[in-house]
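Listed next: structures, encoded as structure tokens.
Note that chain A is present in both complexes that follow, paired respectively with chain B and with chain C.
Up next, the complex of A and B:
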């Protein structure tokens, strides 16, 4: 209800509408993610508003859904779903009269003033900027037409709010640029776009009232005023939401929706485990990186995590059940693996080993590939055609008891050796965790050999592999690239190599701290200025002339 | 007094008279007495469907021995026997790469559905979108997409930025088609819903902002915003239709509500859901709700996730990992799954053929286009791709043929389908997959 209350109190503050400057250009257009949709609705109307329906699938691009969001649109089927969700949300909102700060002169007729007051303010929060005059006029017109035809003020308001939640202004984050007064010939984001971009980066939601006020007052246009807002937002507990959204995206946790394990082979891998596995990692990461402001690289070596009893049962560690007496869900409790336990780091958590395995067995190759691609930003080629995989996965062949033996046999084929060398050693280091996340020391009665070499550095088990990844320059470079790309909505490596280099140096100097990296990114010109590439500029000119 | 009557003015006028039954009959849409054509003598409209099934069949086991008319089904296609007269089998055709790299379980689908191998972020529309532009604009749903294996993707798209999602749950599909917004075309009375009228009017306020929203957009973003407004026009079109009295459809029966379905890739679940989907889609076509369906039995995301219950491998893994049984000459588990997937297709054909329209059936005015990703999935091959058409498109296509066109591009089948359905195009595909040669021998 954070903003639901402020919604009413801030109504009075809402006075003016704006209009789009003639020389404004759109330099970014990203479809909001399902999580951002939920977060905005929660922020504006309260956490008790239920959102039902299926969101159109996102698209991953250069490792991030956030980059795909800059390339996708909406299909009719997808819009039908948005429309259904919007009408449902609008009905719940209008039912709660306390969310509407004014009363119409008569409930059976249109009321221009009350509709303007409500839609103007709600619109500003949903669109992340004040409505233009024509937008507000259109929304009020819609409410009035609805009220007139349905002979009910609130029904009209509901229809208009539903249309707002289905509109492109809500469903797409639009970054508008204006000529930069300080650098003639260049563009910078306008204040509202900057506020929105910053807020989505740090909090994964639209700007709050304070940030919006700073944008409207011109404070964001000054270096000092902008830095003040950046620091306020980074210091806020809401930074955790932003960090969770980023890591969910980077770690491809959306794939959990598609993950299924064979119940006969992994009987402990229930739907609760599926649900909790990503949450365990997100809690680990948020605690280490945001709450404790720790070193990013420690996510690969930390012994600390958070568990529920259901996860603990998969890991085979004791954890008392809580909360069941009242039918409440089990609480998350901090847990630290003992020093002599071979497990450490997020690579040995269920969210990594189970997500990157087959339904009924582990896969060193898939795990190694995921490690290269997700954590080190390296590309592993697709397998070639005409390969006979039979020997690899026949787990019943008495000659090849472990995955290592099977893969060695497979890698005798010359065309396979090259790629498997860059994936398998790391994947084999994680073989102590089976495809469902359970711990084991043997496969088919044969002891597991988890030793290997990654980029010239030796390790003997998964925990040591975590240490090698921790120390690798590639992991540091990768996280800088991913956060920077996530922030600007395009692959930073393609156009901003110098910026990335500077960010990386600062990141190392500051002790690999994510909040500090976010601060550097947010304060950089690459973030605040419009990233109007030559192609985009040509596109804009071409688009405008049509 | 002259008056400029635009759509909104008309709608507002309608809403002010909300209590009055609005009689807007489709003038030509009453059926003749036998129920197989419109009263005006026009035939019932043709419909189109795509069927995607990952990982194909075993080469040598599905191609009929006889070429041309009057073929017998080969062993792996025996299930199609009851429909042979309405089914054409195409063998020998291939996907050309023209030096581009093949994605093992993607490229085949792309060329069969789009005639192209998209590079970077561009992508032409899929065949169903092209056909929908020609025949699907006057129905409540421009197209309906479903999957049987729990996936939410599809190969149906207007562009790379607008890919139609599949509905995996028959329960949700039922609600979407036959939920409260369904207007029974055979209901005696018709009264437009004031809510629909009001919604239609409100949406037009969003549409009216189009020009303002397009200003300052680059070409790529403008195209994406265009997709949005195309989708919005689709929703408006749905509401427009909701406000009109639908044409009576004697073969339209509202099916029993689907209450429960376990969505997933277990082959038994996929078959059960596939059958429910097939029946719902057939009824949606019979009730005039859409003319285009896209069914991903499996493979909407590449390969196939279908699994044998209790097995640690899915279909895709089996194709690469299962040995060829020396006695049988093929991979037994893979073949079991291929057969099950074909059962899904046969269930779809049966659902269409079970709906009688006079002395014909819905399958007689339907054209289903079946395609897959590989000629032989075990080796990721892209030649001798198994392709099937089913249905007679109101007699515009002949059935019962085995067409062998060794080395020709697979796009010839898609082009044939489009021309049969009245799409005004002389060619389809890009580079070596570009063709101007439909199979005229089966075009009536």
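Up next, the complex of A and C:
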């Protein structure tokens, strides 16, 4: 408990530290996501480091966890989890002696020089900036004290590294501003903060050595130098990691962690399917938008995807296993649904239809709401608290065999009609997919009617709905808003209407290419300048510094 | 969702895939299962067990006793007193090695004690009891309604030959009345799913309700069955057909009212797994397979089978098997030998085969040819 309290105090003090230039200010603070934690550990120490434990839940704000990350701190329970993970990671790292670039004079005693070399190197990568002299001295001091007490150099190093991994300097992305020399009176992000912000946007991880060197040398402070780095990073295959992180956030795939299906009703929806469904969509999107530099809107109409044999069984399409030895995982295989197959686009993938359904039945309303809110950035009001859902929930009523019939009966209540008009037509178009992602043409023996109208445009099935969304201006506007908000860490629609309009025009002009959109955003003043964000930890820091 | 609509969904998924996946269709044809104009539906076997039909009172005097009681009787047969036998059994069950060895080596060859499971004939017949009822599932293999024949409760047909059921039907853990399953085979099936290469079935017909010229094909896959969320055999998986001719039997028959029937002089052969069936050879193979509306199949295969094929997987289990599933292994040896009813040895006159029926179920699957015959998943050979 004392440990947790002291760390929370450290977070508060973190924003008020004066380890940067005197006229610099902390203007943003965001907790790194679980995936960013994993990615940084992988980048710094290698992919074979295992990370156990559970991360604290993130908070979704304006449709994105990335925005909520600026409004969350760390609970005591969460700190215990971070501490456990840190100790575990540190132990694995220290076991791999090849990760330590020097050898101590004696393994049974402290070694100032070797500890300084190792901790200075990894500290820079973990904190996304060089450690200050006092920070490095403190870390080395902790390692030396540990080595002395435990009579083992490596044990001391492990303790110090573990502490580093629970430091707010690591767990939080801190944005520090400095006076902008080009625009007197205004502030811009300092070079290290900018490098970090750019790297998390494009690669979902901390800056690599090249980017950090550019920040240290001042290259990042020049337009030309900064653009060079942006282009390098967008051209890198690591852009896929950034794109996957963004779409995973936008599509709310964190909800898969709490998704459960009734195995009696959906026997094919096993834990493997739960695990692979989001991956299918992320691979589809990454391949289309990053690898092939395709049109964003085509995610709603594409026939191309990636499958495992287990997922193929849910779709009811043939795909032989590849993992021959027992327990060996099957490979992901590119798959294209035939032209006459009624399925197309990510709205008809398991990740969408299963995630936005109940445990034992589909839900046109939830699907329609998800489509409006996630893909079109349109807010759908929550139902009032006193609604009677009995008719909708009873799938055994012989008078209402299909969801459409049940919803029609439900919508006779005037208080429900308005919202259901917004959501249900699109959700009903996806009724060919049951709540587990399996294809069907009938429900309870009655044929499904999947026709409808969205914003005045008619469709007859899910694939045609995908085409309508593809052509929708709202979908284009939404993705621009989402990427921009994700990049700057706050809802861009609140204060950056002109910027968003420009970005949208450029996005359309460029053929709806996500890498181009990212480039426009990264090079914009809105991205590089310091923007004060209200953060939970900053609140605490303000309070404590008074 | 009602069971009916779910079934339609699954059936539809097979249809969609068949229409859509030209490659799969070509593959199925290459696997030798699809004439040019007919439809072929693929299945993976999801359940396989002895064809039992137990009813109350079918074992006069009661079913065979649990193994600890049977062992006492066995030990008394080799000269132990009741007290000695009970003491040995109790000690063996509590882990006493010497007592355990006495039970295991209760066979006698000359002046030597030998392993009873490897040498069941060296053990005195424990005289286990067998089924005496008139009801039994299977097929009329010899065209006669004799004193050992059953009447099939599903079809009403008389003259049913299923001496395997008669022999094994009074062993508690093998007893079952469909649709219930015996506890023994539930365990077997649960175990083998993860390592036995799957058994595959395909049915080719123009009309799956009524067709006088349909074909059923039995084959084996390179992959073992995959499980679904209930740990049952997953539907709609894709399997590569092993080219090994030892597991390939094509049988002509007819479909009447949605049930495939075949009565042949052929041998239905499959290579299996140690735990249930090392090798299956059903001479004069018969098939009765319901093609269900939910896309699955459920039925029986039968014929005259070398009775040692039925015994081997049981005998191979040894003492652990006896303890876990309450079988007296030499007792089963004698039951099967005693009830074998076909293929007499020309010299000894002893029957080498026993009439048998096996219950078999399958769920929809895609069958494609293997690129490399013989390259298969590991099977458990540790027993």
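Note that the second predicted complex is superposed on the first by the 510 of 546 C-alpha atoms of A that agree within 3 Å, B and C clash if a C-alpha of one lies under 4 Å from a C-alpha of the other, contacts with A are read in each partner's own complex, and residues count from 1 in each chain.
Note that in this section a contact is a pair of C-beta atoms (placed from the backbone, for glycine too) under 8 Å apart; a residue touches a chain by one contact, two chains touch by 3 or more.
In this text, all values refer to a predicted model and were calculated from it rather than measured experimentally.
Superposition note: with chain A as the common reference, chain B and chain C can be accommodated side by side. In the superposed model, A:120 lies in contact with neither chain B nor chain C.
In the superposed model, A:267 lies in contact with chain C only, and not with chain B. Touch criterion met: A:319 reaches chain C, while chain B stays clear of it.
Counting residues of chain A touched by each partner, chain B versus chain C, the larger count belongs to B.
In the superposition on chain A, A:101 contacts neither chain B nor chain C. Using the contact criterion defined above for the overlaid structures, shared-chain residue A:135 touches chain B, although it does not reach chain C.
In the superposed model, A:345 lies in contact with neither chain B nor chain C.
Of the two partner chains, chain C is the only one touched by A:441; chain B is not. Touch criterion met: A:57 reaches chain B, while chain C stays clear of it.
Of the two partner chains, chain B is the only one touched by A:29; chain C is not. Once you line the two complexes up on chain A, you'll see the smallest CA to CA distance from chain B to chain C is 9 Å.
Chain A residues in contact with chain B (one complex) as well as with chain C (other complex) are 264-265, 360-361, 395.
Taken in their complex, chain C has these residues touching chain A: 1-2, 4-6, 8-10, 12-14, 16-17, 19-24, 27, 194-195, 222-224, 226-230, 232, 234-240, 366, 368, 375-378. Residue ranges on chain A touching chain B, taken from their complex, read 20, 24-26, 29, 54, 56-57, 59, 61, 71-80, 83, 132, 134-135, 138-139, 141-142, 145-146, 149-150, 155-156, 159-160, 162-163, 166-169, 171-172, 176, 258, 260, 262, 264-265, 358-361, 382-383, 385-390, 392-395, 536, 539-540, 542-544, 546. Residues of chain A touching chain C in their complex: 261, 263-271, 273, 309-310, 312-321, 324-326, 337-338, 340-342, 360-361, 395-396, 434, 438-445.
By the touch criterion stated above, chain B contacts chain A in their complex at residues 12, 15-16, 18, 102-104, 121, 142, 145, 150-153, 157-165, 167, 172, 176, 194-195, 197-199, 201-203, 205-206, 208-209, 212-213, 215-225, 227-228, 230-232, 234-235, 238, 264-265, 305, 307, 310-314, 317, 320-323, 379-381.
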